[in-house]
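Chain nomenclature is as follows: A, B and C, assigned in order of appearance, with residue numbering initiated at 1 for each chain independently.
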Amino acid sequence: MAKAADRARDVLEDSEHALRLLRTMLLIRRFEERAEEQYTRARIGGYCHLAIGEEAANVGSIDCLGADDYLFVSYRDHAAALAVGSSPAAVMAELFGKETGVARGYGGSMHLLDVDRHFLSGWGIVGGHLPIAVGAALAIDYQDAAGAVLCQFGDGATNIGAFHEALNLAAVWHLPIVFQVINNLYGMGTSVEQASAEPELHKRACAYRMHGERVDGNDVLAVREAAGRLLARAREEGEPALLETTTYRYRGHSVADAGKVYRTPDEIASWRERDPITRFVTVLREHDLLDDEELDKMRKQVSDEVSEAIREAAAAPTPDPDELYENVYGDDRWREQFEGMNTAAPFGEREETRSWQR
Amino acid sequence: MAVEVPMPRLSDTMEQGTVARWVKQEGDRVVAGDVIAEIDTDKATMELTAYEDGVLLKILVGEGESADLGTPIALIGAEDEEVPETAARGNGPAQTAPQEDQPGDAGAPEAGGGEPAPSEPGEPPAPEARSAVGDGLRASPIARRMAAEGGLDLRELAGKGSGPDGRIVKVDVERALGQEGGPGAAAVEPGTTERAASPGQPPSAEEEIIEATPMLRAVARRMSESKATVPHFYLDAEIDMGRALELREELNRALADDGEKISVNDLIVRAAALALVENPKFHRSWHDGTFVLHKSAHVGIAVALDDGLIVPVLRNVEQKSVREIARESRDLAERARAGKLKQTEIEGGTFTISNLGMYGIPSFSAVVNLPEPGILAVGAAVKRAVVRDDAVLIRPIMAVTLSVDHRATSGAEGARLLGSIQRLLEQPVLLLA
Amino acid sequence: MAEVTYREALRRALDEELDRDERVFLMGEEIGRFEGSYKVTAGLWAKYGPKRVRETPISEEGFVGAGIGAAMLGLRPVVEIMTINFILVAQDMVVNHAAKIRYMFGGKVGVPMVIRTPGGAGAQLTAQHSQSLEVWFAHVPGLKVVAPSNPRDAYGLLKTAIRDDDPVLFVENLVLYNVTGSIPEPDEDFTVPLGSAHVAREGTDLTIVAHSYTVRRALAVADRLAQSGFEAEVVDLRSLRPLDVDTVVESVRKTNRVLIAEEGWATFGVGAELAARIGRACFDDLDAPPERVGGAEVPMPYSKPLELAALVLEDKLEAAARSLLAECGLAGAGAGRD
């Protein structure tokens, strides 16, 4: 235990890195608060899942990813997008459905990605991305490449079939992947105890003879230590692992859910006392890496950055409906292949009727 | 500057919300993050938090009241700010996403809740075209098309088709047009022909035998039938086309910018249509002891094809302007030459005009196009010397010959019709009437 | 030219593509040591090893998803699903993931993957093992679906599918595996394009459209019809999405009569799609409305006479064709048996 604590604190020797961790968490917090506000102003449509309260669980592990690694996360993905370094303006623009968005407006809140940074997206089907993340690990293994895959998902995903199949394949094939359960105690409105026969989720790994462990998801350094260690092991030994990081979301499952029907105010309050940002600030202060002035300055910077992102996103153009049919297929020959299918296609599908709106 | 608090969107399907309770009241201090109200949405009761610091200056939507998304429900501002009286509900939604619906436009009479619009007194949807598609004549599309191309009137096969419930199908039309070697003919030995090449003698070295197309065969058949069964009589007239030609030139100058042109034949077609409806005792067909009275003039225009003859029909011509007649004739003639006429376009005529003027023929007589009462043969307009009021004038004179079915009508009626046509063309301003 | 079985044609295509492109690899149940439950992958594990011929546990959702992930990183997996009936447990991966990825990510990443699987019935395999579900996937934008009916097309289309950058469902047929035909030599690099139907037999009196095994039945029926003096034109679709409507329309304009036959259920099937298109494009060319015939709309029963009654065998296809000809007044066609 002591060793783990030591390893965790290594980052404190590099003040720039430590402050960067904090800044990222503050950025996520502010971005999510403003995203909620923008949703109520109807600039963001559809579903919007916020990670307020889960910053450490996200940032701690993503901080350990290198250039050869890959990241797959669930639809609660704004935090991941910001943590890998995507521009807040591009992320907000995607939420706004604008052309400058990370998926050019075609994906929305649940489908953020950043291919250059190996962030292969938020995914909309619970647990659906787990087998896909395994496939990425398979490709790394196939190419004898140096990386590993970090696959984040919620507690709700641990009960779906894809979870089982993915973990089994990863273990049987010895693939370099770390499965991180961000356990915020509730899958939508259903508690882990209600839904899971084995509520200590990390223990499920033993069904696959896979290493499983649990850390305090609101302690960014603990998350970072565990994830860093397990990712290194995956890269070096080609062994998968299941890392459970317990945390809490202050808001509901999504902006449409107040999160109060199934949780008590006392519970919510008690978790606020263990707020990951507050805790890390305390640690940084204890190590003389941060004072009030710097903290205020950082908060202000981050707030301005998000405001600017909103401004930029609001001003950006929306995608052209003439491009509605772009990227359904990508093969160079797809137009040729589909030429014979234009004849007598339904109204609106056949080329001659595509401009029916005008 | 007071900031409007809009009715927030708190679920993806929410379009409207109700203020369940104001947690803060007018005059209360508010800090960003404070809960200021509880809102009932379509899914749940949600808290509305303030995003600004200030004082809650005015509540615009009270407890129990509803508002659409984006409608201002309160104002937050500085303590001592004046609140403008006009800051009332109905300013319109602020910052709504462009795609959002604006439900409930004031005053728009919604269909829901009101009475359905009274329906028209039951007029069956029966444009002439429908009934011309055979009065219940059932035929497959390809059968119709082949009949049209081959000049076969499908009414001859009505109810006698080989398809389900007597539907006329392709083989029926093939047989009617005298085609041989259709499907299932494998039983027939190749090489046998049922028709002799010519009566009696085999072709000599100076002759060549060509099969007639279905269309030409149809023409041959119809012409023979007409000549054999219709008691033809002929009436001639010589029409002074001077004023008609002037009118035409004037029309064409006026239409030059629109790129449209009126031909002499277009004027004749209109004249004939007006004359026909003026002369109902002419405008009728003979059917085995009964007269079929035609209420509207459907005028066929004979079009010569490379190898054949076809008569596309303009419908309800008395209701059409010369311009419309010009456009339609042009379109029909083009499609006739391209073989793209529909069955409905070669059926149902009540009169035909055949114009050989462009070939320089001064006069001729045509064969009645059964079952119509008459056909007008039009020659070229030629400058001739005529006597008028004891003076000799040079005028463009067009000879026309009206062939008439003497069963349908009499000489006097024919004369009256011809007279009407002449009058209309010689005083062409009447074509406007 | 070599005379081979459909199965062997597939095997050769896989072998040649594995050899040609290092990124190509196979995944599926029993495809390695066992050489494939239908022996399509015979010899490949021995030749290329377990990395390139990767056997999987029984986890269709898992390994189809893994194929998707590997494809997103640039590999070209060819995933075998033992029979099309088992694709249903991986439906979410195919429809919600493979088909959607390129589009919902704004074109930034694709899924160049092939899923090979046989459909069809006829060996008393009963309800859950006898389906033809290819139309479920032809319905989905983002997927491509092909169904070759003979060894040559199987060979050429599989090569094209593997080289295609989009997800392709490659539909084989249990009975077709043993059918023989000639295929070109490897040095010709022969491929068949997607979206191209083929007129397998020319005729003038009616058009029969089919895909996969039904094409063979249609050709047999065409021979029977010829004895009564009717020449049927048989159009082999080969590709369901993209669908080569133009070739079908050209044929219907010639013959004026069309029957679409499929082994799957005709309601909401390939025939339904084509009939709608033919209605639009050939309205004035039709001598009768398009006719469709498919498998009996029941879950496939076990007992042999019941199964035979449910299949679209030649008798049923012939009866449908003759019924259509009779509707068009063709004497000697013989009334349908209904």
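The rule is simple: a residue touches a chain if its C-beta (ideal position, glycine included) is under 8 Å from a C-beta of that chain, and two chains touch if they have at least 3 such contacts.
Keep in mind that this is a model prediction, so the values were computed, not measured.
Set against one another, B-C and A-C show the most C-beta pairs in contact at A-C. Distances from each chain's CA mean to the overall CA mean are smallest for chain C. Averaging C-alpha coordinates per chain places the centre of chain A 60 Å away from that of chain B.
Averaging C-alpha coordinates per chain places the centre of chain B 44 Å away from that of chain C.
Taking each chain's centre as the mean of its C-alpha atoms, chain A lies 39 Å from chain C. Taken in their complex, chain A has these residues touching chain C: 70, 72, 101-107, 111, 113, 115, 120-121, 123-125, 128, 130-140, 142-143, 161-162, 165-166, 168-169, 172-173, 326-334, 336-346. Chain C makes touch with chain A in their complex at residues 25, 51, 54, 56-57, 59, 61-75, 77, 92-93, 96-97, 102-110, 141-142, 144, 164-166, 193-197, 239, 241-247, 249, 276-281.
In the complex of the two chains, the chain C residues touching chain B come out as 204-205, 228-231, 256, 283-288, 325, 327-333. Only residues 6, 8-12, 14, 41, 43-47, 51, 69-70, 94-100 of chain B touch chain A when the two sit together in their complex.
Touching chain B in their complex are the following residues of chain A: 37, 39-43, 45-47, 255-258, 261, 318.
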